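What follows is chain A paired twice: with chain B in the first complex and chain C in the second.
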Partner chain A sequence: MALFKLHVPILDDIKTKGWRSALVATVDQTVERITAGINVGEIRSILRGDAPQRPNPRVKPHADGFWMHMRPTFFHEQVMSLYPTFRLGWLTTYMLVFETITGLFLMLWYTPSPDIAYTNMLSLLSNVPFGLFMRDLHRLGAELMVMLVLLHMLRTFVTGSYKKPRQFTWFTGGVLLLLTLFLSFSGYLLPWDQLALWAVTIGASMAEATPVVGREVNLLVRGGADIGANGLLRFYLLHVFALPLIAFIFVGVHYYKVIIHGHSLPPGAEKVGEDTARKVPMERRMYFLPDVMTRELFWTVGWLALMVFMVTWGGWHAPLEPHADSQITPLHTTAPWYFLWLQGMLKLGDKVFFGVILPGILSGLLFVMPYLEVGPSRRYADRRVGLSIAALTVVIMSLLTFMGTPYYGVSSSPDQEVLTTLAPQTHPGLLRGTAYDELPVGDWVASGWNNAPSQGLQAVLQLYNKEIERYSDELVNAKGKMSITEIQAGLKQVTMQLEWEDNGAQASEPVIVYLHRDSGYEH
Partner chain B sequence: MVTRVALGTVFMVATLMIVSFTAIDEPARMAKFESGYEGRSVEAGAALYANNCATCHGPDGKGIAGRAPALNVADLYNGTRFREMGWGGTTRDYVYGAIASGRPRASAAFAEYPQRMPTWSREFGGPLRPDQVNNIVDFVMNWEETALLETVAEKPSDFVSVGLDLKDPVLPAGDVARGEKLTQTYGCVACHMNPDMNVAPGPGWPAKYYSGGVSIAERAATRFTAADYTGKATSAEEYLRESIVQTNAYIVPTYAANIMPVIYGEQMAAQDLADVIAYLQTIE
Partner chain C sequence: MTAQALQTPVVAPLSRREFLYYIWGASMTLFMAQMGGAILWFSFPRFKEGEFGGIITVPVTDIPAADSGPKDLPDARVWLVNLGAGRLSDPRQPADYPVQTGVKALYKICVHLGCLYKWAPANDRFECPCHGSKYLASGSRVDGPARRNLDAFPIEFVDADGKVLASSAPTGAAGVNENAALEVPKGAVALRINTAFRVEGASNTLPGGGL
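Take a look at the complex of A and B:
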């Protein structure tokens, strides 16, 4: 007596049809289940480039499958070329996912404690295969994502895609911009090197100028009087949990709104005031499978190849400065580049007005702009004022960003500026990047650069001379001295001192740089 | 669509190739990075040394008479210095420990440097982070190569350990006072001069610190003829020598084996051993 019957369907098929066609049928069925509706025959038809049958079987994954359910079954063919979207929306979403994946890898090797974080970074880069690769990709991805988000915002403005009924989509996009900036800012602190600590200290102290809530919000975010163990932990939790969670939620909302309204057509393609994005005539439809999917995959793979190239043969590497030291502020330290405009604004005047009130008003206007700018036409010819304002904003932001750099309005003494150009405190610089053997022992003078015994020394002395000449009004009869000695096996000491005349002989504080043979700054 | 698929495949293959090349390079790159950051550690250590240590130890580590001993000398790296202290770890550990905790009192071995060495590591209340102390250690250890090559003008390092044998080499005459000092620097007093018999890991030397009420000098004279004696000594001096260099040859009743360090045969010179034995034989 059988206790149970084991039913294996393929055995039945083999009995009736023979094993070969039974196998083919099983494979076909499995493929159809995995793809939520596309069997092998249909795949072959897609790859051949056949037009779809009616009713179109290629829309089944959108109805039956989870991954495809939010993707539209067709797009208007006019939004599928490079213009008008430039694929920026797709790329920014891809960057978010990419950052999550590379971030997960990095999370394995990192502990958010000031005692351990820097050691973890060294360990990641010296003991973990692909550690440098993943870190560089994550950093590059972050910088590119901020740029892509800004470009996407600019494109959306220029094509007028924020107008009715897409105002809220723009609003959620603004939220995503803020989230991207804060994700980048919170991640900036995690390596716990000088660059991280001071860039974030600057950013946080800018926020502290906010009236009423500034101090309290800052205390909350730092968990203490200055950025230490509590601050690092909070920034870490924001960076890996809270902000990504909110970002994914808002991406969901943002994308949902994009889909239900449909991608806006190029401005010239519709009558003024009309929004026909959802009503796509049959002959203008481009179906997701295969045309849109192949385009998306192509851009994904292409962008990945670009990033991988940039961090390997392209030579782009995330920096790692010395261990964070709250007692030493590197001269010319700056906020991360996407906050340089704020730093530039602060150089204009009162920190509360230029640091908080004005940026606050401008950002607020950015969010609610679609509810204020309600002109019906998206055509470029009808939006000259708006487009001019956009162009002006780009110019002004670039100017403010430049003003945020140390090149503008930073007042330290000319001798310090000269010596800091040679031995910067925020990055290795030319002197440290010179090969060890190209710095011969001896006493050298900047003006003698042409007779330097090696290429490397010549480049350094030439820069020294150039900088002295730049400040020749203040540094009269200046003599730039550099003496190099070898104080240990493989360790050289470079002492630089400037002497000049200004109501009598003057001399700068000597600046001493130690260089070891193996330290590898030239990479 | 064909172009897109083809180009996409090309990109994918290119990415995989670049990743494979990276994989092949990884071990070399990681090793280079490691020596890179060790180099940077020496650089940082040089700056810290110049600001914190040079005033006492001299800018090139040659020491300042009456202030602080030289570091850039062979006997720091060949173990001479820490052998006198009975240090069990590496030279690096010795240097780290000295910098991190400082030297609270002038040690017997360095009586000519009366001022204390400050405590440097934050772990023990000093001003520097542990990674900064590590930087300084890397800088000091970077003198090792050149220091060991130096021909030292003063006494050459001709240390010969006394070894484990009871008769060979024949011990010279012992200096009681020096022996007493050595029992401190070798750390013997920590276990053998503890008034509390219940806590002391080893038998107390003075009679009043030993449960049997006799001093080490008397015990050495009689024990090697006892019925339960498992060692090979044939005189009081040999008994004391055996208990120092072959610690497990005979364990005094109520005490445990493998507690006393077995390092003294290697760390002590013949004269040291002779001095200690001479001192022990004077204890009452």
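Take a look at the complex of A and C:
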């Protein structure tokens, strides 16, 4: 008995069929193994646009292969147009993969330490080819992913696709929404700029308001009394490892449920209480290979093109504020936009109730909603109450989001507000954005903006004056002073100070801004 | 008849095998809980003496003059205030929180959402840049979304030999679980701030301050 038997089939083939035929047959077999069932001839038939044979050989990879087993074999042709899915789920999945890939590349140039993280950012932006591009794409992808998840959820609600038998799919979608929010939020801290530090400090303090365990949760997340080296490392590990891992697992569960239940048809397409997504008549089937896959690739490519356009000609850039400083909180710090509604609620009152208990109850209800709302009909006309509640929720969330911005209910002393408008601590603002030569040396006052010698200075002083007039009740007879000096060649110092009357003469703390000829804020 | 009855399998309420599975499951659950506890304990941050989180000692010369603006102590995360007679008669002070003259070590973090509030000399009060909470030098909240007075750390004065001359104690006012300000005793050379034990400010929810 031979200990092992070696058989190279191509050698036999060469003997019987000759070189050329043997090679073709071997390539064909190899391709069929890799695609789990589709040979070269079938691939060419797909590309030519031939109708599939009966039985359809193109469903084999779904049964035998790993990748295709995660997708349905065929879709109902009625879910293949833009409505009812709007491709939001697919684009969200694409964003998760996209973020993983761009994130891995960004990790090449990043060290999670407060000593060097910000320097890494500057080096990425100024020294690494396509560094700005990669960072912009990653950040834009994160924002878009949050948007896509929210829209996907809204769409699922509106078309009633959460109803029986898809309740658990909705539930896993809720988990994925939370994971997306935390993924995006944990990435906020990594650049170690002021925005990062203070947005995350606010977020962590919301967690601190949790009854009983709040203090412990906060210590665990921050890794210290405030966010420092430990906190950065913990957020980094959450962002690059723990959260993506959990997210990919739940995407698997979510996708599996879609295969089991099929894509729900448009609400009007089937009888009330019926679910025919899995009973598609032969003539209405659209097979995954090649039609669905081609369309999904088309959407992927279009979406990527849109993102590339936004970060290049569109001028969208990931923000980067000054280096994180744990001793200075910038005026008007806010949470990320998708948490602004929470910040708006916190302005209404007690942070335990409005920051933890109420959002907790609301998101809990969101998760179990399909198990409580059991109306059988998915048709719009039968769901007036549900759809009205959805519309109302969107309006209330928008309102709360507005209330979360600094435009609602935050006021520091008026002098600080005025000076911060001119020289914001969170973004460059008008003064820093004015060209170096447009700021002539001299002493200027806001009310005399008309007589300023350059257009740039006129605009700055006009804004200064407008802001002072806005607070004219508190700032009586206010005089907005601005003195510009060139303290060395190519470096100007702009000192601003407000003087007003309130039981005698008052003067604000001076605000000093340094501007270098090559700062480049105006770009 | 009898033979048939004997053949009917007798279902015991709990078989030995099932019982052992439960015991095994319970022991695994217990083990996992212990592992979870160990992991939590492992993950908690460590605090060292002399750093923030331990006791921080500053000389009494760091204490600002009575009724002047507060002094910033970055290492201790503290605004050191010295309340004089002027603060007692401040009309803005909510009556629910009686003020005594003396020194307080106010924790620098806004009790609303953790931003650093700043001393605004123009308005003679602390103001938070994030959501607009306002506090007097005494630590009492007078405006904004915060729902309690500022937190403070327990303090004590020691003399040159390290003997404790005075240490902060609760105000004693009904419903106000705050430490009273502490007068600088004669012969004190240093102030010890215990940053490990934060005393939360009293609940304060009304517009303009008050219970």
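Just so it is clear, the second predicted complex is superposed on the first by the 471 of 523 C-alpha atoms of A that agree within 3 Å, B and C clash if a C-alpha of one lies under 4 Å from a C-alpha of the other, contacts with A are read in each partner's own complex, and residues count from 1 in each chain.
As a convention for this text, a contact is a pair of C-beta atoms (placed from the backbone, for glycine too) under 8 Å apart; a residue touches a chain by one contact, two chains touch by 3 or more.
Bear in mind the structure is a predicted one, so any value in this text is a computation, not a measurement.
Once the two complexes are overlaid on the shared chain, A:224 sits against chain C while remaining clear of chain B.
Shared-chain residue A:301: touches chain B; no touch with chain C. Residue contacts after overlaying the shared chain place A:434 against neither chain B nor chain C.
Of the two partner chains placed by superposition, A:161 touches none, neither chain B nor chain C. In the superposed model, A:331 lies in contact with chain C only, and not with chain B.
When the shared chain is aligned, no partner comes close enough to touch A:85: not chain B, not chain C. Of the two partner chains placed by the overlay, neither chain B nor chain C lies in contact with A:35. Within the complex, the chain A residues that touch chain C are 198, 201-202, 204-206, 208, 216, 219-220, 222-226, 230, 326-334, 343, 346-351, 409-413, 415-416, 506, 508-509. Per the touch definition, chain C reaches chain A in the complex via residues 40, 43-45, 47, 52-53, 74, 77, 109, 112-118, 120-123, 127-132, 145, 147, 195, 205.
Touching chain B in their complex are the following residues of chain A: 49, 115, 118-119, 122, 125-133, 290-291, 294-295, 297-298, 301-302, 304-305, 308-309, 312-313, 322-323, 487-491, 493, 512, 514-520. Interface residues of chain B, counted against chain A in their complex, comprise 1-2, 4-5, 7-8, 11-12, 14-15, 18-19, 21-23, 26-27, 29-40, 42-44, 46-47, 50, 60, 129-132, 139, 142-143, 145-146.
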